[in-house]
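You will see two complexes here that share subunit A, one where it goes with subunit B and one where it goes with subunit C.
Showing the complex of A and B:
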């Protein structure tokens, strides 16, 4: 009798207020991606272009929360993913976008679109399709429960590989010296 | 006969007058610490070096060594508390490592790595702390200050200049510059001062030398802080008051 085929783990990924650098770093696992694909399949992700997250085992989110749409996507992931991972400095700490947090949002927009040279006839974008920016940028754990964090800007391919293979093997992921980085 | 106490089951000999931290480091046993520096009088403020002494918690940098003490340091209970302290420091300031030139040479960051701190956990405060770039050679970035007072102690005790002080209480406590204008340019601080060398994080920085060491070659890229603190113990200043191993600052 054949052994039952172990179902593949379903993984969704997205980038919120991030730069896709963590996704690029994920691709830095190179040919190990093929090994990974024996164990997992992708749901919503920039790699599949699926637009909404279905029921998943693992959700991986890059980037912090800077606008209303980010909050909706994050909640969709939390609702559908058994395990949610914040990846990269922005998802974990707010990162670069959060460097505006000590400034007033209104003055930021005014300076960028109205008063700075180069946009003499500019106006603050107000198309209804645009998600409204939040007053402050937040790391993911301030909005929903996050199960694991992979710090780094970005975390290296090796760190992501170690973390995911530990998790898939059912172990508590550990990074250790050389793989854990905040920069 | 030398007196002995127990640290995590090991016999630690000590001289009269030594603290638990001094004796442990001299004997080659690392206890995580941030505000402790072998060249200065212990400050006891960061509490990262907290250990259990005969079942009760105490800061090992200020706790006098005594014969027969049973000290527990490398246990999950203590490391868990240290992790929380480091997390609170990260949440309280603006520690944006990707843009910090002290990254890789920063003791707070290295301690976070060693304790496997993956997230600050708490709600980030994102305080508004403007820089002081007034001095022609030296930059102050208060966003990263952890209030260890090492610069205060170095400037007062070694340089004899009293350039720095802490002001305020509780959450409003902050580092200030001792000048009527409050600006570093109006002090007599110099690049060669001890106060320039002791900052464990990226607050006091010499200008125009940032990011000179490539990633992979920085101090804590090589080996974790737990391995290097032992090399430094006991760290001593040379005749000119400088200490090569002080957190990699040139």
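Showing the complex of A and C:
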């Protein structure tokens, strides 16, 4: 009889108001991805193209919250993931998209769609298919509870590898010197 | 424009000359310019910078640090309501609202005609006769609906402050219980004369008396003076800390009003002990009204040869005292920040060690003590160690002034021997149905009824003097929230843990107050406290969580009954955050709304 196989950890990832740079950095773990795949399997993620997150052990989210759809996805992750991780500057602080926070959303929309030439035939898009933007961009932890934060823009592949292997091994993740950075 | 800048630099030279164009006097110069012009213009900064040899940016850096200095016109009348919890309990918020309505003004804004601005400021030290305010730096007490209305009229009619009813500016001493300090009536100079005649060693005498610092920390005064005397240095200094900024404390105000000679005599004795030639009294800006009377006392002492050259005929005993006014920064009560401020800089605490006794004012040995400490030192020498030690307890000798405020019929100053119980003080001030007492201000302790048997003194409850009483009609959560706002406002901004941590703490408390709090937020407060306590640069950050932790421990339901029973809640209304986009797109479909999450 075979020894019981240790079930693989299930991980979901997504990018909200981010640039996918953190996902690109995740791919920078290179061939270690194969080692990782011995230990985990992916649920919803750009790597699988699964559209909705199922029950998972770990959720990893890059990007902040800029619209209603981001809120729905974030809530879905929180509901299904035992551990939820905010990765990268945008998820942790709002990052670049939050630059608009000192402007009124109405003036932004007016400027982009009405006064500037060239876009959208002079009206603000109002198709119900489109998610409405929030008046401010928020980091994830202002909307749901977040368990861990990996700062950096983006965090390096090595930092992500160290963080995940620690977590999978049941250790409180610790990013030492050289791995933790805020730029 | 040329005329403008000329106006903005008139009178500057006479101010600069009065301070002998000393760059260390920068803060004093700026404060006087502020008094003269109502703000500090760029032209004035340019002029001062050229004369003192200080770059423009550094002067702006200093001016922007102190909340009573303004770099832009801030109204001919600058009204600041004292915002301590005791002022609020006496109705200050409604009075401020009333005044804003009367003068058509929003808090923090200057009226369009440049006449007036209204805002809040940290405790002004008038808790026994609040609600209080400052108008152009002058303290006004006992505000009522009627008084505020009269003030509104006076401002609207542009009546000069000097012509306002004197009654408005009356500050009562409210001494409810006196002891050896407040009853002392020894003639100025007698203690000093006796010491000189007997050749008594002041350091030894103070050490034997067991006197400990009255600012709260309780460092043995004799030991401090001895260290200062023994420290190598070209010159030594004596500094009296009268920056009484801890909310709820006002004992120094009364000592400086009633017993200024005891304070100055103590400083002179200290100068004799350590060999100092220069002394400074750092008086908080809120007590600006005491400046002239205190200068009068100093002049009288100079005329009696108790200050100046060859004091009491002693060759080589030269000592004089200058008064330095603060400008609205609580942090300057921390001794190294106070010294930075004395040197005309931003009041950012220094890294310690080295301590001021070896590297203080101008990096020279400096003895910094509280107003009450200097008074008590004079008293201890006058009485002799044995008699002085007979008052109080074994490790807390002498008497202590307690500033009682809050829910009691007789707020004011109470002098007790150390070791008095909280219950005794409550009984004496007539407090009934007391729920809690905040000892030694927001950075001190909040205690509940079961602890009222505890004793004031270094053995049990050390205190700088504040004693704020809260009866059973008060919500201790709101008390703690007021204190948390205070710390966030007063953080000097130098170190990140305190600058960011105190703001995060404030946001968390506001979130709970708005009904969005969860258990997660209570955990976050505990986490924040660890960060603040372990990594802050100075005591402000380390004590900023105290009000919350103490009330959470003793009055947890005051927090819990505000929590939503969810795991987590955003601090803002998510659906409301879509309102602007709904308005801009004209949408109101289901997708244009976010429901509150059911968990």
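Definition applied: the second predicted complex is superposed on the first by the 176 of 183 C-alpha atoms of A that agree within 3 Å, B and C clash if a C-alpha of one lies under 4 Å from a C-alpha of the other, contacts with A are read in each partner's own complex, and residues count from 1 in each chain.
By our rule, a contact is a pair of C-beta atoms (placed from the backbone, for glycine too) under 8 Å apart; a residue touches a chain by one contact, two chains touch by 3 or more.
Just so we're clear, the structure is a prediction, and the values are computed from it rather than from any experiment.
J.: So in the superposed three-chain picture, is A:53 touching just subunit B, just subunit C, both, or none of them (first/second/both/neither)?
T.: neither
J.: So, A:132: does it touch subunit B (first), subunit C (second), both, or neither?
T.: In the superposed model, A:132 contacts subunit C only, not subunit B.
J.: After lining up the shared chain so the two structures overlap, which partner does A:109 touch, if you call subunit B first and subunit C second: first, second, both or neither?
T.: It touches subunit C, and subunit B stays clear.
J.: Could you tell me if A:74 is touching subunit B, subunit C, both of them or neither one (first, second, both, neither)?
T.: neither
J.: Taking the superposition as given, does A:142 touch the first partner, subunit B, the second, subunit C, both, or neither?
T.: In the superposed model, A:142 contacts both subunit B and subunit C.
J.: Of the two partners subunit B and subunit C, indicate the one touching more residues belonging to subunit A.
T.: Answer, by number of touched residues of subunit A: B.
J.: Kindly list the residues of subunit A that each of subunit B and subunit C touches, one partner per complex.
T.: Residues 136, 138, 142 of subunit A touch both subunit B and subunit C.
J.: Using the touch rule from the top, collect the residues of subunit A that touch subunit C in their complex.
T.: Residues 68, 71, 75, 104-106, 109-110, 124-126, 128-129, 131-136, 138, 142-145.
J.: Help me check something: in the complex, which residues belonging to subunit B touch subunit A?
T.: Residues in contact with subunit A: 90, 94-100, 103-104, 109, 112-114, 116, 118-121, 123-124, 126-129, 215, 221, 223-224.
J.: Touching residues of subunit C toward subunit A in the complex: what are they?
T.: Those residues of subunit C that touch subunit A are 520, 567-568, 570-572, 574, 577-587, 589, 591-592, 594, 597.
J.: For the complex, which residues does subunit A have touching subunit B?
T.: The touching residues are 86, 89, 92-96, 98-99, 101-102, 136, 138-139, 141-142, 146, 148-151, 153, 174-178, 180-183.
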